[in-house]
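Here come two complexes built around subunit A, the first alongside subunit B, the second alongside subunit C.
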Partner chain A sequence: MSATLQTWLSAFFTIAIYTLVLYKDNKVFRFAETVMIGITAANGIVLTYHNYIRPVVAVDIIQQGKYLQLIPILIGLLMYTRFVRSIAWVSRIPMGFWVGVGAAYILTRNPGVFISQITASFLALNKLNNVVFVVGVISVVVYFYFTVPIRSAPMKGMTTLGKAFLLVSFGATFASTVMSRISLLLGRLQFLLQDWLRIAGV
Partner chain B sequence: MFADGMGVDFLLIAFLMVAVGYALERTKKGLAKWQIRKIPGLDAIEEGIGRATEMDRPVFYLPGSGGFSDPQLLASMAVLSEVAKVTARYDTRLIVCVPMSSVYPVIEEVVRQAYVSEGKAERFRAEDVRWFSDHYFGYAIAIIGLMFKEKVATNIMIGTFAFDALMYAEAANQAGAIQVGGTAATTQIPFFVAACDYALIGEEIYAAAAYLTKDPVRVATIVAEDWAKFLVTGLVVLGVLLQTAGKADGLRNFLNQW
Partner chain C sequence: MKKTLPFILTFVSALTITVCVFFDLAPALVEEIDKWFILSGAVVCCIGLVNLTTVHARNIKRRGRDWDLSYVLLFITFAYLVLGIVAGPTHPLYAWIFDSTAVPLGATFYSVLSFYIVSAAYRAFRAKTRDAAILLVSGIIVLLGNAPIGEVIYPGFGTATKWIMDIANTAAMRAVIFGATIGSFITAIRVFLGIDRPYTAAGE
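After this line comes the complex of A and B, so read on.
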């Protein structure tokens, strides 16, 4: 068996997390869960401080005099007014700003992606692959027509075909992802058997 | 006038805005009654909340890991609002877990407003809108633990999900929950299809709010989106025919570069 504390801790937490799936909800899992949440939350705070707060305040504002950066900081601080009931409404200003910026970003950035997907579908119908691709694209788009009644035979046919294309692609994606998950499981088993217990050779 | 490739983007956005305005105007004047086709996954949401009410166990809602620049989060917030209204109406406990601290206050506000709009402000429990960690693994393990601890009856997951999709679906399944999962993340849809009782596939999550509320403004946006899809279908057909004839370069360059 391995003698390092790090390996023992890794093995303990690996097994502790697996106990939920392999056994049932239990105190060992709860302990591992709590430790994990605590560590990741603390890690997030430290990273935020080192990657954002310190460079912006100490370097950009204090050293380089970029005082405009105080504006987003002030807007961000308004978020904390939600803890004071009488002025909690003020926190909606940064929230509204945030959602608005997000929506505007989506509106301006997404059409470009669609356009490149449309032009990528311009394939000559001289190969079976291309024919399958084009029929797949069109039938799947038709499947996502929400306000067109699916009563006529062509519409029924196209939506059924679209659904079939979707299911085939889901099957392929599912299978390839399951393969990658199994390789993750093997990685953990390899760690437990080789690095921790040292009962399996490399 | 436009940067390369932005002219067509502008035209597409302008087309959508005019189309939404036109569809809304026709709806308001009663000239057209648009109907969104049946989406079983969305019908199942109310059924799932009803089940949770009967079992006196909570409804679990996960809005995915997207930020505000992710359209799936905006779609999920609209659905969450409707889910929260129904849970408020039925006096059913709703637990919402948020993966990003930046999104947390907005999600909390969405749920609070839903309870207020149903006249149940006093039933809103701020502690049931929860954030654990911005770190994916910390968040994921906390949710899995919570699903078992709270014995959730219904698990609704709508938004952006990554490798964690199957972890939540499996945990909720083991906890005995009925599940509705929806995402536009193409790599994760198969897991929702396989592991959830009902799955919303891609675009269906954007139609969800309009479908659930039947609100004319929202329905008008879905109608306009359908018109945009007609345009896309037409462009694909035209482009394929031109490409087959060896003359698609002009159209391709126009769409990509204008």
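After this line comes the complex of A and C, so read on.
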């Protein structure tokens, strides 16, 4: 297909989305939104089908005769019973399976990562940065300690310090998000000016 | 039956994996349950499509708001779905449509947030309290440290940004992860023992 047509389509959809902020909510914006929803919904199903379902059905079940693989397919299909009110409760069966497997994953596979994170957090206190880091971790943990009311002055000081660490972190995260969004905006403007209108040099 | 059967399945699947992993028994069984978990989840991929179709078919029938766009949505979704299922995601036409629509639309949608984030920043960063002042200072340092102009204004912005990201931000986020992980352990144990049964609301 034509690269020019692709550029024009991309430009149309880019401008259609920007009409929301440059003008107001309008039909062109909602059309672009509709296209986005339709394409991404279909793409999600297509990728899932070709990456997970088709290989199992075509290779494992049909070619190799692994009929046990029909069980997870049936478990998954039970989820669709929620659209039939009289048997909607059957959809709890796959949910029960997923919740059970998920809980087992958390209990069996997270401790390794968790323990290594704890070990990595308690650094040798031989540098100022290490001291700040360890104090930061402990103070934020204390800030999230809700089991008993915190009344003593040192503990209150720790919670205040923990809150300060969190605020610094939130400020930094917010700034990083602003930077990434502005980079995307610049990328779209660059596309409109250079690739589509060809009025700005590379 | 309606509550017990799902709980039995939860308990059996959780117990099987936990015992097998902790005591290093039957790794093939754990691997098979892993596969089942992924495959059964993949089969559910169309549930959103069923919902989408139901909602928009109802909108068309009732001539609701933007009912014409509901037609467009259903046509685009099913046409692209059929193309993808029949031709595959690597087909040139499939990739061309994706690159012409979803790629620019996705990037533009995220970039639109930059307009709103500026107004949010104005509200959040007004240094009226000590907490807001900390947010403001940290945010400005990281913004300037990441922008080329920051190094021109003051060369120390880069170093300060690195310190904030590596020390203060990592320490705070690590502690948040500790809290979340402990919370997930407790939830997993409660689910395991049947104290929490989140799946019982399904199909109500």
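Please note the rule applied: the second predicted complex is superposed on the first by the 199 of 202 C-alpha atoms of A that agree within 3 Å, B and C clash if a C-alpha of one lies under 4 Å from a C-alpha of the other, contacts with A are read in each partner's own complex, and residues count from 1 in each chain.
FYI, a contact is a pair of C-beta atoms (placed from the backbone, for glycine too) under 8 Å apart; a residue touches a chain by one contact, two chains touch by 3 or more.
None of these values were measured; they are calculated from a predicted model.
Which of subunit B and subunit C touches more residues of subunit A is settled by the count: it is C. In the superposition on chain A, contact of A:M158 is made with neither subunit B nor subunit C. Once chain A of one complex is fitted onto chain A of the other, the partner contacts of A:D25 are limited to subunit B, with no touch recorded for subunit C. Looking at the shared chain after the overlay, A:G112 reaches subunit B, while subunit C stays out of its contact range.
Legend: residue contacts after superposition of the two complexes on their common chain; A:Q69 is shown touching subunit C, with no touch to subunit B.
Look at A:F144: by the touch rule set out above, it reaches both subunit B and subunit C. Applying the stated contact rule after C-alpha superposition, one finds that A:F122 touches subunit B and leaves subunit C untouched.
Look at A:L185: by the touch rule set out above, it reaches subunit C but stays clear of subunit B. Put simply, subunit A uses residues 17, 20-21, 30, 32, 36-37, 39-41, 43-44, 79, 82, 91-92, 95, 98-99, 101-103, 105-110, 114, 118, 121, 134, 137-138, 141, 144, 166-167, 169-171, 173-174, 177, 181 to touch subunit B in one complex and subunit C in the other.
For subunit C in complex with subunit A, the touching residues are 2-3, 5-18, 21-22, 32-33, 35-50, 52, 54, 66, 69, 72-78, 80-81, 84-85, 88-89, 92-94, 96-115, 117-118, 121, 124, 131, 134-143, 146-147, 161, 163-165, 167-179, 181, 184-185, 187-189, 191-192, 198-200, 202-204.
Per the touch definition, subunit A reaches subunit B in the complex via residues 17, 20-21, 25, 29-30, 32-33, 36-37, 39-41, 43-44, 79, 82, 91-92, 95, 98-99, 101-103, 105-112, 114-116, 118-119, 121-126, 134, 137-138, 141-142, 144-150, 166-167, 169-171, 173-174, 177, 181.
Interface of subunit B with subunit A (complex): residues 5-6, 8-9, 12-13, 34-37, 39, 67-71, 73-74, 101-102, 105-106, 109, 132-135, 137-139, 141-142, 144-145, 148-149, 166, 170-171, 174, 186-187, 189-191, 193-194, 201-204, 207, 222-223, 225-226, 229-230, 232-233, 235-237, 239-240, 242-244, 246, 248, 251-252, 255-256. Contact residues on subunit A toward subunit C in their complex (touch as defined above): 1, 5-6, 9-11, 13-14, 17-18, 20-21, 27, 30-32, 34-53, 56, 68-69, 71-73, 75-77, 79-83, 88-110, 114, 117-118, 121, 129, 132-141, 143-144, 162-179, 181-182, 184-185, 187-188, 191.
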